[in-house]
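So, here come the structures, one by one.
Across the two complexes that follow, chain A remains constant while its partner is chain B and subsequently chain C.
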Partner chain A sequence: MTRSWTGPRVAPYLFILPNMLLFGAFTIWPAINGFNISLYDSDNGRTFRYVGTENYAEIVSSAEFWRVARLTVVFVIGLVVLTTVAATALALLLNAQRRGRGALRAAYFVPFLVSPVVVGLIWNLALERQNGLVNTALQAVGLGAPGWLLDGGLAMGVIIVVGLWTQVGFYALIVLAGLQGIDRGLYEAARIDGAGTWQQLRLITLPLLRPTTLVVVILATIHAFQAFDYIYTLTGGGPLGATTLIVQFIYESSFESPIRYGLASAAGVVLFVVVFGVTALNYLVGRRQEAV
Partner chain B sequence: MRLFRAVTVACAAAMAISACAPGQPADEPAAAGPQQIDWASFRGQTLDYLYFTDGPDEAATRAVIDRFTQETGSTVNLQIVPFADLERTLQGRIGSGTPPHVARVQTWSPYADSLVDLKTYFGPDYPQQFTPGPAAAAQAPDGRMLGAPNDLTMNGPFVNVDAFNRAGIPLPTAQDPWTWDEMVAAATAVQQANGMESAIAIDKSGHRLSTVLSAFGTALIGQDGKEALDPAKAEAALNSLNGLVQSGAILKDFWLEQGSRYRGANEQFLAQQVPVYLSGNWQVGQFAQNATFQWAAVPNACGERCGGFPGGKYLVAFSESSNPALGAAFVEWMNRAEAQRAMSEQSFWLPTRRDLVESGITYPSRTEDMGVFLADVAVTPEDTYAANGSPAFNGSARLFVEEISKLFAGQQDAATTVTAVKTGVAELVEQTS
Partner chain C sequence: MVLERAVPAPPTGAPPRRWTSIGEQPPAPAAVVRATVLVAGALFVLAPIVWAVLSSFKTATELAQRPPTLIPQNPTGANYVEALTAFDFGHYFLNSTLVTVLATLLTLAVNAMAAYALAKYNFRGRDTLFLVTLATIMIPLQVIFLPVYQVVTSLGLVNTLWGMIIPAAATPTGVFLLRQYMLSLPDDLIEAARIDGAGEFRIFLRIILPLCRPALAVVAIFSVIWRWNDFLWPLIIAQDESVYTLPVALARFSGQLVVPFHLVLAMSVLSIVPVVVLFLLLQRQIIAGIAQTGFK
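On to the complex of A and B.
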């Protein structure tokens, strides 16, 4: 018996074939090639020599890489926790509000639309020690003029807060969609049973939001690991490397002399493995909690 | 099981392609010349010229290119990229086999294997058209001339003349330049008299810091291309700079903000918040346009030696372009006396040709200030050209900024900074040699 090319078993694959070819050419192939390049070394980006796993060994023994990795972990945890909490809180507020909800939703979403480079430049101006908007306001109320971008700890806090500012509107929209998917009847039943607002939140809203929260955590984690452009324009990785995260390490290894694509690709592969691992872990933990 | 199969297939695919080297082997050096250039053959051809602009030079470049087009009948496709993207763009295009015919670059060394040896077309004496420092820096150790020096830059200080006049402090002259200590004392006095933010501003750049090192008698990289920092002299230079930072004469914030990225202090100077600003001749054009006060270029302060620290740009032609002869011809044409004179005059560039340096350039304005930089060229030590031309210089300069920022932040002392810079520069020289 012959199968028809237009039959139900083959046709769906034909429909997705063009997309899969493009996906393969522009996503899968570069990823595999990136792994390939990580096995070579070059100091000019054109002539390569095969070095096997030497780049990985260099990364593992590099104090700078581990310093950057530690900073990245601090940044990712800080940003993901803050983003998840703030997005949920914001979505609850927007969900409760009747008038002007659309306008507020748009207002919170706007920073997400701004180019990250512009975000970096805006905040750099705002946080400038002597004449920046923030310190001018603080000085006006007698609170001094902290060097936001001059102290390592403060600068890390700044990049987390700016990251939150840019993303919270986007994640709040996702949580809002999750909130609106919850059956209103459950709240009515809870009210009849005498449950207060806090009990409704704790026993209905948050448990039923868990799948949405999982999505937020996974996406925010991936975004946080990839954060680069606004940080680069805001702090340049400074002061004294206190905000140099792993993507900047990759960028500088790739594009600043001496150009070492192999080392940068190896760091990229490590980053991929870590992000993949963390995402998978989040997913598995989330699924297990759901099953329980 | 299915997952295991998928992972196995992915690994096999990755291993299979890992057998293919991602790059290509280096080309052999070009055969000795000279070869004939058939200028008539360029009619109807199109040349790609990858370019970055420093400001007023774009219009001048287009005007000079128009003359090339009229003369040869070829078309020039001027492709302007931001300076920050230049190396990435070129490496990408070389890697993909589509290099431009010609590019304007700050250093030719990253592309050495892909460049035309200009001596094969214009003879072994071609470098002698240029002044010795830039000519030497344009040649590889094996004698190939891989770029034509297109313009020279010279680091040097600018002063706010109005502020100096108000403070009653005299300016230095070419005959009687400041010593380093005199410059510091004068700048501090003018700052205090005028209530300015700081006394001295220096661009956050290892290149500019190299001027200070040179004044104290040392350099990151020596004439032989090896690490050459003299620990005692470097420590003296760093202690002097650190003293200025800790006393507030140089802004500490400026050096600690924004990582090790380059940052110009020109806005601070234009805002009249600093009386002495160490930068270079490329600022003349914009100061002529934007400064609302009297300013002037003055000779570099002398320490153990005088002069500044040179930089410059090269025009390079690519051997793997569709017509290397056309590229080489364009490079030669753009660096003929008439073309370089036109470019220098309109763009406030310092020329690199011997004949133009001897005859001098008449700029539309600020000729006297440009003359100060040109005079400093004559007293700038020869080893600084070699240092700037080293493939390891850019990385070394960035490392220098990183380490000196730690010194300014109080994280390490000058001796530790010098040791870290020496070790790092030696590693970079090793990596790039």
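On to the complex of A and C.
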């Protein structure tokens, strides 16, 4: 038997080659190169000078970086906790609901389909102080008209809630799939033993849902660390930097004067290490709880 | 006497109500609360979108009016006409469509081939390549866009639609999802085709791809959602107005000193329509796809 270049021995390499070329050129090589760039300083993006770990030292001692990092932590924790709780609650309600479940599920999913840029634009208009949907509704029931995007604390709350709005339907679908994987017989046995709805939830549903919850927490964490687009069009990072998160910090250092490629790359490396660390921690803690 | 006892006592007060649409039993209070919460929540979630759609049919003066109106007083499609003609949004719409369609086709081709190699062949380095593929999920674009930008520059793709299409084409989630699906296909099919003398690529094209249609559909839909809505990367690549995609154009226009809100609203609504229609048409496959993989 002849082994041509299209034979089963060579074919797999040819099949995987295009994908690996793209991954190599646009993900793996840039990742390595990004670390390399973080060791250089550039004169507004022109000449490069090797500075070793100076960029990292500058980041660690920069008040601006720590401010942005602190805001990012508040945002990530707030969004991940809210998303996980809300998606679980929504999935439990949807799972129990028979009539109109498909339509309700679709309704909650629609915001996930809207471009993050448009999400930012729509909410920017909806939260407009005088004329927006939200304050008009609040005033109609006799409540005040806060400047949602003008107060730093409120604006942080707004970007968390809008983030929740865009993704809760997507995560609820994942939780729904997890719920449907739970053996129905367990509930019947529990009912015979006299367990009420609340006890069934606490003793059967939530423990058996833990692997799904872990997936939701991990994905939501990665997404939250990467959030940029809708914040960029909703608040632009303001007011006075109150919603400037680390990704925007990296974006501005890379593309807005003064351009600091090395500093931006160092911040990128730090972000990657943090995301990797948090994901690994989530995974390990989640797995340990499962083992108990 | 016995008979009398068997007949149930007539209800006192009002006769029992019948919820004919649900059945003989009146709904439990908990079910009513649940349905109310779900419907009210859905209305809250959809309210900003519905409001934006309604507002896109208002004139610029009505948009600025105080107190604001909910339903447009004189509904007009003028915003759409003006946005598409005077502001060249039709061109951005076309750019978005081109990028979305071409990138999705490329993603499907490249990911399906890689997934097939990983699922159905035993070759040196397979497990390493699979792990490398999975690990790239952990590397977000935001962290590496600067060096990616350098690569794209050196290839001469800055300021071109190809610069938006090619770099994002190889997606780890796509490879993973397709590989999982292909693992479930029987190896005998491939063996039989080989005995019949079919070449490896022919087997992939004629046997594997048609069988993978459901998984390909899910990858295609997610690719369309991502590419259509993608912002950060096109924002970096598109420096010239002629290659703006919709999200880039919308962000640029809303960043102006005097924002033409009536036009921005019309275009925002227009940008939502294709993906929502696609979702509603293919809802079943999308949900099954998410359920099958957990989108891990």
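The working rule: the second predicted complex is superposed on the first by the 267 of 292 C-alpha atoms of A that agree within 3 Å, B and C clash if a C-alpha of one lies under 4 Å from a C-alpha of the other, contacts with A are read in each partner's own complex, and residues count from 1 in each chain.
Criterion: contacts are C-beta pairs under 8 Å (C-beta built on N, C-alpha and C of every residue); 3 or more make two chains touch, one makes a residue touch a chain.
Owing to the predicted nature of the structure, the values given are computational and were not obtained by experimental measurement.
Asker: When the two structures are laid over each other on chain A, which of chain B and chain C touches more residues of chain A?
Answerer: Of chain B and chain C, C contacts more residues of chain A.
Asker: Identify the partner contact of A:110: answer first if only chain B is touched, second if only chain C is, both if each is, neither if none is.
Answerer: The answer is second: A:110 touches chain C but not chain B.
Asker: I'd like to know which partner A:165 touches here: chain B for first, chain C for second, both or neither.
Answerer: A:165: touches chain C, not chain B.
Asker: With the two structures laid over each other on chain A, which partner does A:19 touch: chain B (first), chain C (second), both, or neither?
Answerer: A:19: touches chain C, not chain B.
Asker: So, A:125: does it touch chain B (first), chain C (second), both, or neither?
Answerer: A:125 sits against chain C, while chain B stays out of touch.
Asker: After lining up the shared chain so the two structures overlap, which partner does A:61 touch, if you call chain B first and chain C second: first, second, both or neither?
Answerer: Neither chain B nor chain C is touched by A:61.
Asker: For A:11, is the partner it touches chain B (first), chain C (second), both, or none of the two (neither)?
Answerer: second
Asker: According to the stated criteria, A:255 is in contact with first (chain B), second (chain C), both, or neither; which is it?
Answerer: both
Asker: Return first, second, both or neither, reflecting whether A:99 touches chain B, chain C, both chains, or no partner chain.
Answerer: In the superposition, A:99 contacts chain C only.
Asker: Which residues would you name on chain A as touching chain B in one complex and chain C in the other?
Answerer: In chain A, residues 33, 37, 124, 130, 255, 261 are touched by chain B and also by chain C.
Asker: Taking the complex as given, what residues does chain B use to touch chain A?
Answerer: For this pair, the touching residues of chain B are 10, 13-14, 17-18, 20-26, 87-88, 91, 94-95, 110-114, 197, 253, 256-261, 391-392, 394-395, 398, 402, 405-406, 409, 411, 428, 431-432.
Asker: Any idea which chain C residues touch chain A in the complex?
Answerer: Residues in contact with chain A: 22, 30-31, 34-35, 37-39, 41-42, 45-49, 51-52, 55, 64-68, 109-111, 113-114, 116-118, 121, 123, 126, 129, 132-133, 136-148, 150-152, 166-170, 175, 194, 199-201, 204, 225, 228-229, 231-232, 236, 246-247, 250-251, 254, 261, 264-265, 268, 271-272, 275-276, 279-280, 283, 287, 290-292, 294-296.
Asker: Note which residues of chain A are touching chain B in the complex, please.
Answerer: 32-33, 35-37, 39-40, 42-48, 50, 124, 129-130, 147, 149-150, 235-241, 243-244, 255-259, 261
Asker: Which of the residues in chain A end up touching chain C in this complex?
Answerer: Touch residues, chain A against chain C: 6-9, 11-13, 15-16, 18-20, 22-23, 25-31, 33-34, 37, 90, 93-94, 96-97, 99-100, 102, 104-118, 121-126, 130-133, 136, 165, 168-170, 173-174, 176-178, 180, 197, 212, 215, 219, 222, 225-226, 228-229, 232-233, 247, 250-251, 254-255, 261, 264-265, 268-269, 271-272, 275-276, 279.
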